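Some structures are shown below for you to check.
Okay, so chain A shows up in both of these, paired with chain B first and chain C after.
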Partner chain A sequence: MNEATVHALIDDIGALLLFSMILILAADQVYRAIYAVAAQSLLIAVAAGVLAMATGNPDLWVIAGITLVVKAMVLPWVLHRVVQRMNVRREVEPVIPVITTLAVAVGIVVMSFHLSASLGAVRQAITGNALPVGISLILLGVLVMASRKKALTQMVGLFASENGIFFTAMAVSKGMPLIIEIGVILDVILAALVMAILVLRVRSTVDADIADLDRLRG
Partner chain B sequence: MAELTDNLLWILPIVPTVTALVMLTARDRRVLSALDIGGSTVLAFLSFALAGAVVAGGPRALGVFRIDDLGLVFLLLLAVLTFAVSIYTLGWARQAVAVGNIDAGSLRFYFALVQGFVATMVVTVLADNLGVLWIAMEGTTITSAVLVGFHGHHHGLEAAWKYIIVTTIGISFGLFGTVLVYAAAAGAMGDAGTMSWSAIMQVAPALDPGIVRIGFVFVMVGYGTKAGLAPMHLWLPDAHSQAPTPVSALLSGILIKCALLGIIRFQTIAAAACGPEFATKVLLVFGITSVVVATPFILAQRDVKRLLGYHSVEHVGIIALGLGFGGSVGTYGALLHVVNHGVTKALAFFAAGAAISRFDTRDMRAIRGLLVVAPITATLLMLAALSLAGVPPFSIFVSELLVLRAGIGGGHWWAIALFLTMVVIIFAGLLHHAGAMVFGETTEAAHREPEAWSPIAAMLLLAAIMVLLGVTIPGSVDALLRRATEIVVG
Partner chain C sequence: MTGERPFALVLLEMSFLMLLGPLVTGIIQKIKARLQLRQGAGVLQPYRDLAKLFRKGTVQADTTSGLFRSIPVFVLAATVAAGALVPVFRGGPPAVPLGDALLLLGLLALARFLTAVGALDAGGAFGGMGASREMTVAPLVEPVLMMVVFSTAVAAGTTELGALAAHRSASWLLAWRAADFLGFAAMLVLLPAETGRIPVDNPDTHLELTMLHEGMLLEHSGPGLGCMLLASHTRQVVTLGFVAALFLPASPMAAGSALGFLIGAAAFIAKILVLALYLALVESSYAKLRFFRIPQYLAVGFVCALSALALRIL
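This part shows the complex of A and B:
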């Protein structure tokens, strides 16, 4: 694969990632957001595969495999189980209207591209448009967390943010060292498990969504 | 001999990890406390051994770990505070089990998690690889989030949720910043990028300033969340107030300082790559915001542990100001403040925890006349409050003065004016709160049993360090801080 093809492929995947982010932002049901973030993780795995072929770095194949199994399959499955166990109303309750959220999202994407266009030579260290797409995903993930009241949607936003970091990280020259990537993924799994436990514990003791609790103030 | 001390770099994190694993097999409270104190003693002993080696022979490196004088300041603080917390926990756990705050059966999980939490913090201090630093930092969130919600009532769980969700998203900004700095290093070094801080520092002047600037802002937001800098501090008062008291002391005394160490590491890279002005500006903005935001909450606070939590936000802000004012004086002041605040705040949490258990409430309006009920605790609480407020001759006065002098030297008049105003207001607010708790008529509801020796011993140890550092800074400490300052200032 020559360099131009790799750039083009990474840019295509970046566009699809942004599209999946819009699906998450616009999702009116928790399930849809979970499926969208699973699809997004699948795209990250594909991107890792593309970069593995392009750079010949075997570590990226390992990362592609781990991402596929952990982030595209296991974590969405955990979220899915938690939704079932909670047995709550499945609608997402936006704090601000979805249409406003999408407008803000467009602004964030434009700003990210503008910001990275201002960088000069160093952009060569990062393949294609992986940097602005990564910044967009991180900030949009935060937007999801800020604009939704349900714990599960907040976790989806968190995973989407982390997808953005992974996308940029693997596009940097030859990717981050394998051991670091594995450590990061391990942390993500553990954090997700602790969050799931917290959500279920609150559900079983006070019958409320943990993100709705607001007794601690001032 | 050199190899032996190098090995300490991987032995240090192993000590608390092994202690935690052994604890899982124990059930008796006394055995658990003995293991806790034993593990902390070994950790402290080995840390001081490593300190001796570094002082004698310069920085030590082993794989992804490295210790220099800068890391040493934080490592020794960690070792001393962990030891004090273990001593305090002996008496605290007895009392907590007796009144049913903690189920005797789950006590071993509590002890093991605390040691696991300490292990992750040791790794953050020793990490040279910025990726390892990040992984360990997220590890501290996971272990301590469970501890924050350990009591299991819904306030604790709410605080734990807020803590894990805010700091995890925050720290992911830190990872992104790390990736950007890594990209800059890969750009400067050709193909073979590195994540090692010491290696990046060697090429730092050649890094692309544009991307390092963006990376530093992401890192500031990320590690700043964990450090409790406003406006990312939202988790801090909740977590500090809901966590069991020994955990509050660890969070406030060490954890937020470990995050500051992460910020300092990136600050040195940013200063070398794009000049010191940029990092200074960012640090000053966050520092001033923290000091200003914390003030009204300190004045209006009713919950004593929340009060101390907001107070940590203020002091982290002061440390950020010291780093931002920069120069030898500002950085020295900031590092000294890290030590002073860690020791004093742990002491304050210990005393507040003892007061809370006597009055069965965290509401300061109900805590009255502690001096009558528990004279030693009350005296120490008052001393800690005086020190936190910045009264001479206590240690915090000295470091605040240094930070102030650096600010005046740098001509940052706006920052100085705001800083001074807020410190004076907080001074009045804090002494008002503390005075009302310590003096006055006590209530009927207060428990009047004699004071347990182990919490007193832990508090006396910290109070001794606090007074000593205020009266005179010992030569060895001074030399260590000076060398650490040189690493930051360059």
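This part shows the complex of A and C:
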């Protein structure tokens, strides 16, 4: 594949990533957010595959495989199970209304494009729109984490944010060293498992919600 | 101005769209019925309904003013005029300067405004409520449609719909830029709203508190109601044609030849059918949204359209 095709493909995948992020932000049911983040991880895997084909870097194939198996299949499955086990209301409970979150999201997207446009010559060297898309994914993931009450949806935000970091790293530097990538993925898996267990335990032993932990401040 | 579509062709396209409109509605209803494991009425049912309505007399509320009688004609005229701006058989700008995508959206907005005025004029409770709801949804939909138009217009350097379609025919899905994906996503979110379908509006119900468009038609009867229904069929096919012109490939046909003409017509019908299938699937798989949730649904389209613009400009 020549350079221009790869750039165009990464750009297109970036647009779809942004769309899946908007779906996560707008989801009013936990299941939909989980499906959207699974689709997003799938897109990240595709992006890694495209870059692997373009650069011939075998590490990227490994990354693509791990992303596909772990982040697009296993983690969404874990989340899905937790939702089933918890047997709670399946609506997302936002701290601020979803429509406000979407308005903030618009600001974030425009700002990240504006900021990376100001990089000028540096941005030209980086694959197309990958940098602003990556930045907005990271920030929007943080926004999801900050604006949702339930730990589950906060986990979805964490995954989305992590996807953004991956996408930026892959597109900007044509892949990080394998050991770092695997380290990041392990971190996320551990975080997900710990949070899943915590959520289940907290619910089953004290029947509290994450929002109730507010009162524990000393 | 030298265009590629002579005026006669534009007129032909306009009447073709008007005749095709009820058929598209019929097909969507048929698909929905089959998805619900019903036999459903034939695809020609909307034509029969219209024929029946045009044979009937008119009953009118005492409270209506003189304007009320002419509202259906104005609405139909505005919608059909919008149809003249949609490229059907081939891309390329028309030979006479008619207007662009913005005028098309403006004419549709005019038709919507007139419908609401007619509903308020009759003074019925349902009409007033339908009008107020429609006027709440419209300002959320129309600016986003404009933004989608702009996001493609920036790339093609024109807002003329025929020229936009011709630009698209040179570059189809493989050449879709990132902004096109987001713009198309925004369009898919908005399409049910603009054609008055679930999850925003429900075209199948009368006398329900959830409806928007149908509520405004309650006071009309006979030929007037027929005009209003024909206008909403036409509006639907015009909107679908508008989306097809913006995002789907136009037929690459040689000017004037009869074969190319047929291929163009077949391609157009195929594009409309794909979009109609999408509408039917969405209608069958989603529930009608609570009215106060609609802004949240439409905000998804807004964010998508804005990101598409950001991708294109920044």
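In the analysis below, the second predicted complex is superposed on the first by the 210 of 218 C-alpha atoms of A that agree within 3 Å, B and C clash if a C-alpha of one lies under 4 Å from a C-alpha of the other, contacts with A are read in each partner's own complex, and residues count from 1 in each chain.
Quick note on the criterion: a residue touches a chain if its C-beta (ideal position, glycine included) is under 8 Å from a C-beta of that chain, and two chains touch if they have at least 3 such contacts.
Keep in mind that what you see is a predicted model, and the values were worked out from it rather than measured.
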{"item": "Partner chain in contact with A:2 - chain B first, chain C second, else both or neither", "value": "neither"}
{"item": "Partner chain(s) touched by A:142 [first = chain B, second = chain C, both, neither]", "value": "first"}
{"item": "Which of chain B and chain C A:12 touches, first, second, both or neither", "value": "second"}
{"item": "Chain B versus chain C as contact partner of A:98, first or second or both or neither", "value": "second"}
{"item": "Chain touching more of chain A, residue-wise (chain B, chain C)", "value": "B"}
{"item": "Residue numbers on chain A that touch chain B, as the complex places them", "value": "115, 118-122, 124-126, 131, 134-135, 138, 141-142, 145, 151, 154-155, 157-158, 161-162, 164-165, 168-169, 172-174, 176-177, 180, 183-184, 186-187, 190-191, 194-195, 198-199, 201-202, 205-206, 208, 210-211, 213-216, 218"}
{"item": "Chain A contact footprint on chain C (complex, rising order)", "value": "176-182, 185, 293, 295-297, 299-300, 302-304, 306-308, 310-311, 314"}
{"item": "Residue ranges of chain B touching chain A (in the complex, touch as defined)", "value": "129, 131-132, 134-135, 138-139, 141-142, 145-146, 149, 152, 154-155, 157-162, 164-165, 168-169, 172-173, 175-176, 179-180, 182-184, 186-187, 191, 193, 195, 208, 210-211, 214, 237-238, 241-242, 297, 300-302, 306"}
{"item": "Chain A residues within the chain C interface of the complex", "value": "8, 11-12, 14-16, 18-19, 22-23, 25-26, 28, 98-99, 102-103, 105-106, 109-110, 113-114, 117, 128-129, 132"}
